[in-house]
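There are two complexes below, and they share subunit A, which is joined by subunit B in the first and by subunit C in the second.
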Partner chain A sequence: MYGKGLKPLSIATVAALALSLSLVFFYAPLDADQGFVQKIFYLHVPLAIVALLGFVAGGVFAIAHLRSGDSKWDAYSYVSIHMSVIFGVAVLITGAIWAKASWGHWWVWDEPTLVSFLIVFLMYATYYPFRYAIEDRDRQARYASVFAITAGAFVPLNFMAVRMAESLVHPRTFATAEGGLPAEMMLTFLVSLGATGLLWTTLVKFELTAKSASGQLKRLRRALDAPPSGGSSRVAPEVS
Partner chain B sequence: MIAILAKDLRTELRTLQSLPAMALFAVTTFVIFRFGLDRTALSGSLAAGVLWVTLLFAAILGINRLFVAEREEGGFDAIRLAPIDRTAVFAAKATALLVYLLALELVAVPVFAIFFLDSAAALPPLALALLLADIGLAATGTLISSMAVNSRARDLLTPLVLLPLAVPLSIAATGAIEPLLGVGGPAYDRFGTWLAVLGLYDLIFLLVGYAVFDFLLED
Partner chain C sequence: MLDLLPIAAPALPLDEAGKYVAGAYIVFLALILIYVAIMAAKLQRIERELRELAGFAESRADGDGQAATEPERESADV
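For the complex of A and B:
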């Protein structure tokens, strides 16, 4: 039942990604300072924004889960965080490439945005061992939601603390860079952001569909009283 | 709430399960830092880092044990049966943890000062910064500990989840402590700002704990 609308959404995502990539390579002007390498900006920044929004969405779904007790919201929360962690890996890799190209180092400790993102990423990476260490399914869902809410409150606080630790030493590169973006770059950036957001939504929907299908399959098997084939104990939440 | 708090403190006083271990751990860690860093005196950021990291890791020892008695002796069921507000448990446990942390620091900070510092002038403002940091650590520690104790990998899970959560707290705490332990006596460079960050952290996680703790005891 999660499969509804999956096809048009996938097509729209592919189209948006194609559009954004062609804009990145053929339309957006070369950066005077950094040249071609700057184009990774159109990949890196949207990924980071979408990943962070995904973490926030995970927290919001977790609140919905605790309020309603409906395990559907827990699955939404789980998949949102899961997808954002995957996006987070991409953010850290593209960020390291960009940092190497423009600052000469793979990792720069005095760039607050970078450091905050790493800490947030580490925080959410503990979501998996945390979740799978709890056996009871109801309790697992409830605790995971509490984790998602706590981590959601932690994200802005962490950004603030890290920024304050550096703010006297370093100017806010990102805040000034984005304000002064030329129109063509801004358009390309916004299209890339939209495409990445669509990609996230589509992948989340795909995963939810897969989970709901495997959950249904498991229930049917149980109804037939057949032993499940190759089921692992580390199953992600089931969706009804 | 008072009853649970009193019970916790009485149990700890009678069994002395966590506190001596925490204090001993802290003192031994100072000795290890003495040789690991090869310094006989510390100041500035190094002093703040050594002090905070030691206190944080010693605190994790206590946080790990915070709910163990409840789990092993069935205290959770008793709490669930009792006609009390569940958030009272959170308040009591967080207060108990805060008392442990303060007791730990009562031992560890003077030892740190004797080992590594030239003067004790920085201790009063240091105590204020540590108190605010402890409140935050007590809030997050209670929250994480109550969840970890019901899992398979409880001793593993608490540090794993708590450490990233404590990063902003560590930034603010060391930020406040660092100028206090500077070479030429205590300075108050951005001290108020960092105290405000610590206070904000305390407030946010006390509120989060208050809001979600109900769901952790349900069954």
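For the complex of A and C:
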């Protein structure tokens, strides 16, 4: 059920990533200020945007779960957050490398953008122990949904607070009075953003498919172990 | 505090910047590969369990078939 369309999506993702890398290294001009190091921008910023949107998506799926009670939405919420945490690790590492290359420091604690992302990341890192501390599956799913909604609402608030804060060193690339990116850089950035979004979607679908298969396998094992009596046809993936 | 404000850091030359850019992209690739490897291991486990269950179901079906034919044989004997 979840695996439907995974193959074309995977092919589209690989093609989009190849196009994105080609544009980054062979089309986008060198930045006048940062030079070649600025190429990290096309990796780091799309990863950060997609990770934050994934956290918000996790909250939206959690709302659908609480409204409908359907465990499918809980699985969507869990996998969205899980994938965004992985992307978040990539954001923190690539950001640190970029910071070291252009600022001379791996981390700057005075910078609101960096610290706020770290706070969001650490907040979502607590999602796993919070979720798995609860044994009852229904309660676990409900409490995790409440967490996902609350934390998901915090993400845009946090983003707005950072935009309003005065930055010391982190550049404000978009929607600034000084103007945005040149056309070639903007095109490359948008393609990179699309490719990263596709990658996130593909990996989410991949993980949902694996979880669904694992859940069905468990049900099959239970059905074979138990004496014959009707059986269930639920196919929502189990989060474990 | 001022030494924590690296605004004035000049652009790195290509040979030095290349290491950082390569590092960032390799980290990203490594994370994706690690994730895919973990998922591949999970899928292999699922496949193995599925084979076990299929074998179990087949052996149970064979057992049921034999059990179903037993009474017929008994009645034929009588």
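Throughout what follows, the second predicted complex is superposed on the first by the 203 of 240 C-alpha atoms of A that agree within 3 Å, B and C clash if a C-alpha of one lies under 4 Å from a C-alpha of the other, contacts with A are read in each partner's own complex, and residues count from 1 in each chain.
Operating definition for what follows: contacts are C-beta pairs under 8 Å (C-beta built on N, C-alpha and C of every residue); 3 or more make two chains touch, one makes a residue touch a chain.
Just so it is clear, the structure is predicted and the values come from calculations on it, not from any experiment.
Touch counts on subunit A: comparing subunit C and subunit B, the chain ahead is C. Contact with neither subunit B nor subunit C is seen for A:200 once the two complexes are overlaid on the shared chain. By the touch criterion defined above, A:98 reaches subunit C but does not reach subunit B. By the touch criterion stated above, A:110 is placed in contact with subunit C alone, subunit B being left untouched. In the superposition on chain A, contact of A:224 is made with subunit C only, not with subunit B. Looking at the shared chain after the overlay, A:36 reaches subunit C, while subunit B stays out of its contact range.
When the two complexes are overlaid on their common chain A, residue A:47 makes contact with subunit C while staying clear of subunit B.
No residue of subunit A is contacted both by subunit B in one complex and by subunit C in the other.
Residues 140, 143, 147-148, 150-154, 156-157, 160-161, 164-165, 167-168, 171-172, 175, 193, 197, 200-201, 204-205, 208, 211-212, 215-216, 218-219 of subunit B are the ones touching subunit A in the complex.
Against subunit A, the residues of subunit C that register as touching in their complex are 1, 4-7, 9, 11-14, 17-18, 20-21, 23-25, 27-28, 31-32, 35, 39, 42-43, 46, 49-50, 53, 56-57, 60. Touching subunit C in their complex are the following residues of subunit A: 31, 33-37, 39-40, 43-44, 47, 86, 89-90, 93-94, 97-98, 100-105, 108-110, 168-169, 199, 203, 206-207, 210, 213-214, 217, 220-221, 224. Within the complex, the subunit A residues that touch subunit B are 66, 119, 122-123, 126, 129-130, 133-135, 139, 142-143, 145-147, 149-151, 153-154, 157-158, 160-162, 164-165.
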